[in-house]
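Both of the next two complexes hold subunit A, though its partner changes from subunit B to subunit C.
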Partner chain A sequence: MDFLAAGDLSTALDARAEHPEAELLAGGTDLMVEVNLSYHRPAGVIAVRSCEELLEWEGRRIGAAVTWARLEDGPHRALAQLARTIGSPQIRAAGTLGGNVATASPAGDGLPWIAAIDAEIEVASQRRGTRIIAWDEFFVGVKETTLAPDEIITAILLPEHMPVSQEFAKVGVRNVMVIAMVNCVVARGEDGFRVALGSVAPVPIRAYRAEEMINAETSISDAALTEFARIVSDEVRPISDHRSTEAYRRHASGVLARRLVERCLAA
Partner chain B sequence: MIVTFTINGEERSATVAGWESLLTVLRDNLGLAGSKNACEQGECGSCSVIVDGANLCSCLVMVGDCEGTTITTVEGIAHGSVLHPIQQAILDEGGVQCGFCTPGFVITAAHLFAANPNPDEEAMREAFSGNICRCTGYGALLRAFDRLAGDGT
Partner chain C sequence: MTVGTKERVAAGIGENAPRPDGVAKLSGNFAYGSDLWIDGMLWGATLRSPYAHARLVELDITPAVVMSGVRAVLTQDDVPGRPTFGQVEPDQPVLCDGVARYWGEPVAIVAADDQETARAAVEAIIVEWEPLPPVTDPDQARAAGETYRDMVIRRGDADAAGSVVIEGEYETAIQDQAPLGPEAGLAIPDGSGGVDLHVTSQWIHIDHAQIIASLGMEPDDVRCHPVGIGGAFGAREDISLHIHVAMLALRTGRPVRIVYDRTESFAGHVKRHPARMRYRHEADDEGRLVKVTVDMVLDGGAYAHTSHAVLANASFFTVGPYKCDNVFVDAAVSRTNNPPAGAMRGFGAVQVCFAYESQMDRLAEVLGLHPLEVRRRNALGPGDPLATSGQIVEGSLPTLRVIDELESIPMPDAAIPDDPRRLPGGTGLTTPKDAVVRGVGFALGLKNLAFSEAFDDFSEVLLILTPAGLEIHTAAIEVGQGLVTICEQIARTVLGIEAVAWLSADTSQIGSAGSTSASRQTQMTGGAVYEAAVGLRDKILQQFGGDELTNDGVYDRGELVATLDAVTADGPIEQWVRYRHPPTEEPDEFGQGNPHAGFVVAAHRAVVDVDPELGLVRVVQIDTAQDVGKALNPQAIVGQLEGGIAQGVGFAIMEELIVEDGVILNPTFTDYLIPTLLDMPDVGSRLIEEPAHWGPFGAKGIGESPTISSTPAVVAAIRAATGRPLNRVPVRPQDIAGV
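Here is the complex of A and B:
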């Protein structure tokens, strides 16, 4: 098989079952970079961006092929904020949330949002039908997920109770076309704050110890926020690489998480 | 595989490998070398083309996914030998230095002004945030687009 542009999910799933060696193509903003720069020739391609089922966005179900351009104008504040920081207008017109999840880069800007709200990943295969996977069982390593070779990500499923306020921020070298040194989402629900960070571990992580600490405070003082930021910095597991250092990422994690808690409080 | 699409109002076909970039096919198979190949990773915007109404980096579009699409490249912007107002404004303001980024800026401007004939500076800066001018000639380009916005062209 050279190339199949699937117009609907069942066509895509049939092709995926028959050609597990083929690459899935959504917006192409990751795959094509690899093709262009490494002269990597895919053994076959199944394009899914025109599958109607993946383009639907209704209520708690965001189709996997919904683009950043659409998410940028959507109702979920932190998701819209993060979508706007991705790539450039040209990239956002092509790139998709499902593609971000499938690529599973530690720096994927959509991933801390999924972790902060406890979203689930809906996947499908021709043989086993639909399967729903918790986010922390989906991302298992750098660009590694538990998606089976015959499966396609179909949607991101949002929880029944969405946070009352949610905020995103990231640190990078400029405002456009930047891959995060650290990205962070803080969501505030009825059960308290949830804090998720990316680019500071092989997979998106929650700062559970910091959450527990801040959620035990009856009124949040400046000292409590300082202690909260310290725990976040301690809890992340960053590395030093070409983009940043471990020390800076730890520092920035605490600063961002604290800032976003303050923004949620002010919201 | 053979891909057929409408480019600048004309139906064109090309025999391609499906995984090739639209940019490669435009330049190497179809003789449309206006779209420039600079970074090949979507960073610079010099290969911008409009596909079914979306402004995309053609280096990141797999050509196999373009069957039946309608594409506008920089070659389709002028009306014959008469420059499009966007091109004329860039010329008048001295918005071309080395010229390598110019086709991408022309396409992004065409896309922006089609949706919003009177963008403010913020909308312009946002729209052009995916186009890099290595000569850093942004001032002249912004003056050109500002003049157009003022004209309501």
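Here is the complex of A and C:
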């Protein structure tokens, strides 16, 4: 197995072009678990964690290799909240937002935030240069994305108008270090609430019908919130598996979304 | 004339003597089984069945054999001796005998130059299976007569009736011991046909007997050596890789190491028996038990292991620490294609405690009594007959006192915490303070001490006094609980000599110390150390004409008559003992008789914060009053109480191996969740010292009690907060939320 530690992005992109069969290593918190526990043997590995370009975080552009530890202390409230819930301090020191996007697990904790704020994924390749993909065109299935084999995720691009308030919550049976049964971000901007959920569909989803309903309310009553929660529960598409049941995930989706709207209103 | 200091020896019993392994463990310098290493060793790997039940149609090892770096590939045909093993009945094939009976059953083993090659060779083996329908329902298996043991208890009058009747059905899922240290072994050929086996174990002599049988070798040809244990909890009472690693070493003539990865570990050791229990309690108007009727089935999985003894415990402790004159139990442990079950902390007493304590709570509720009051009215004590076997409780059993002491522990601050990490949902930020409901619950648990049912239970110890101090030679296994420290403390106090060293012996050097399980080693190996130390002391005092032994030597009426150097001038002085507890009996066909050597009782109070809408729980505080007999090392006891509570909290709200069609769906620490520090409650503890009728200084084994009744206490607290029936553990969020 070939291994390359790329010191900069162009080296990484050259290697990626030459070895599209190789896998990318950033924090390694997904890949190395596969290697160690599932005996997965990558045909090659290109390590990108030292590429300066991917570590930069300026304004609306969050480099793909920015770690959870940095995001935890960052200015985006829901992003900081969710970063805190990921693994142990050791995992957060290594794992990255770009890696979370690349793995595209249905339970990825960073993904509902990207969906809620309508962020875009910036990718690059040696041959085609930079390409910017809307989040809902990037995630297409369970651990499936539209990233091409010669491409590298370079950054998460935030929209010009960020929400005025944003809140995250995640349900698991343990109070820390747990994979989400449901995770949820609610963002409140000038155009109203946006509601995104994870672990309840093959990809992160927005509860558009529920958003439409709550955003049509002039003053948000208890009855409206109850109806809103009901629509969220109805809109999600969860499965039953060893972590939870479909019924519970539907129920928890509605409860979390309602509580996060309340938190946004109180903010 | 020299006058002795006459001070009590330092670090004797009753003190928080430091652990000899403590600093090494904290600083990362302790050698665990998985650290075993020797130059030139080969690495072993195991091919396992991907089915819970399947016929082996074809097994072609050729592609693995011809790989570069592969030194041996062995199957069941290569087992030199008895093709099966098992602690009680040898029913499990060393390697698959043509039919796989559980998911993960070992099929073939490989030794290669490195771990990668060994794993690749395992994958290269060609294996074809014909899947068979797995038997996964223990009730069906029981109905078909597929049981390892059936127990019948008939005590008292079947026509007795109470005015209050409580009926309930309860279920406990599969808990795994989840020891952080995986199964590990290193086998080293001795050059003359024999082998030295260094392997994670709780009882090297019972391993040894099974290993030599399957290797077809004489006892002297195989030596089992203790290694550093990273957690046991019953998972190391049965054979895992022991025979495999020895077979590979003998075949290749080279040292071989096997260390299981996490998923193999989950597949490769026995688990806590899941149970279904149907209970009927009848009581009078005052809440006194009149009759208890129980039908239960445990799922023993694919092979026997210790199922028959687990079922006995579940049956005999089916009523708990309560008096009742009329008890009728029908119990069975079934043979299925689920993961094999065996020993785990609490050993059958855990499952029934959840059921009988749930019943006692419901009885209290119906009568309008405080949960502890109904327990007081029924409390079992010395001189009372055990509800099931009728055995008269000998020695101490402070059931009433544990209740009283538990109540004396202050409750936590009534305010719901502000720190979100201390609310249900924790760092997930799911739950605002105003969505939290607090609940309080109680539970008591009863456990036997050491082995029961006429088992010849003993521990051998050899003490050797040299000019440098005392050596304790034993094959007893320290699993992290503090046995080494306790035994050193006992020896110091009896002999008055501070310099005491524990020297682990292998199976060729001394006889069995018995298993490090069943809450037995403090009393058994501790008892052996005590008896040997008394014998050694008396021998020296008699020989040198003294009345006291100290660090300086022998004193007679305050005068030093012989220094330690003088005492050992003619060579080391030895004292060997084989210590036994009071004999126990086989129960009769109706479960009547004296099957137990003694009992231990504990009480727990759990305070929980619950988010009823999401079904999330944070355990705020668990308090416990524990019958300890005599606290030989209070800090070590509190360590056991807190660790056992962590395991009990885990079983109450998160720890479950999920098995579907016999396949474990969550064999990783990603999905088999054990409590973290944030999930661990504060613990208040009270140690009740009423001496046991046997064992060193009246001490009792306390390793299991904290796990037994902490689980039902947590569930009782969640019930109190939510009003949900919660008849199954672990309690899942959907059970509380009611969706």
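Just so it is clear, the second predicted complex is superposed on the first by the 266 of 267 C-alpha atoms of A that agree within 3 Å, B and C clash if a C-alpha of one lies under 4 Å from a C-alpha of the other, contacts with A are read in each partner's own complex, and residues count from 1 in each chain.
Everything that follows uses one rule, which is that a contact is a pair of C-beta atoms (placed from the backbone, for glycine too) under 8 Å apart; a residue touches a chain by one contact, two chains touch by 3 or more.
This structure is a prediction, so every number in the text was calculated from the model and none was measured.
Student: Taking the superposition as given, does A:P89 touch the first partner, subunit B, the second, subunit C, both, or neither?
Tutor: In the superposition, A:P89 touches subunit B alone.
Student: Quick check on the superposed pair: does A:A267 touch subunit B, subunit C, both, or neither? Answer first, second, both or neither.
Tutor: The answer is neither, since A:A267 touches no partner chain.
Student: One more residue to check, A:G172. First (subunit B), second (subunit C), both or neither?
Tutor: Once the two structures are laid over each other on A, A:G172 reaches subunit C alone.
Student: Scan A:R49 for contacts with subunit B and subunit C and give back first, second, both or neither.
Tutor: In the superposed model, A:R49 contacts subunit B only, not subunit C.
Student: Who does A:L37 touch here: subunit B (first), subunit C (second), both, or neither?
Tutor: The answer is both, since A:L37 touches subunit B and subunit C.
Student: Given the touch rule stated above, what does A:A134 touch, subunit B (first), subunit C (second), both, or neither?
Tutor: neither
Student: Using the superposition on chain A described above, determine whether A:Y248 touches subunit B (first), subunit C (second), both, or neither.
Tutor: second
Student: Is there a shared patch on subunit A that both subunit B and subunit C touch, and which residues make it up?
Tutor: Residues 33, 36-37, 175-177, which sit in both footprints.
Student: Under the definition above, what is the set of subunit C residues touching subunit A in their complex?
Tutor: 119, 123, 261-263, 421, 424-430, 432, 435, 613-616, 618, 653-654, 658, 660, 665-666, 668, 670-671, 673, 675-676, 678-679, 732-734, 737, 739
Student: Please output the residues of subunit B touching subunit A within their complex, sorted ascending.
Tutor: 1, 17-19, 21, 40-43, 45, 48, 54-57, 59-62, 64-65, 67, 108, 126-127, 129-131
Student: Please name which positions on subunit A make contact with subunit B in the complex.
Tutor: 2-3, 5, 25, 27-29, 31-33, 35-37, 41-42, 45, 47, 49-50, 69, 87-91, 93-94, 175-177
Student: Enumerate the contact residues on subunit A facing subunit C in the complex.
Tutor: It comes out as residues 33, 36-37, 39, 81, 84-85, 167-181, 241-245, 247-248, 250-252, 255-256, 259, 262-263.
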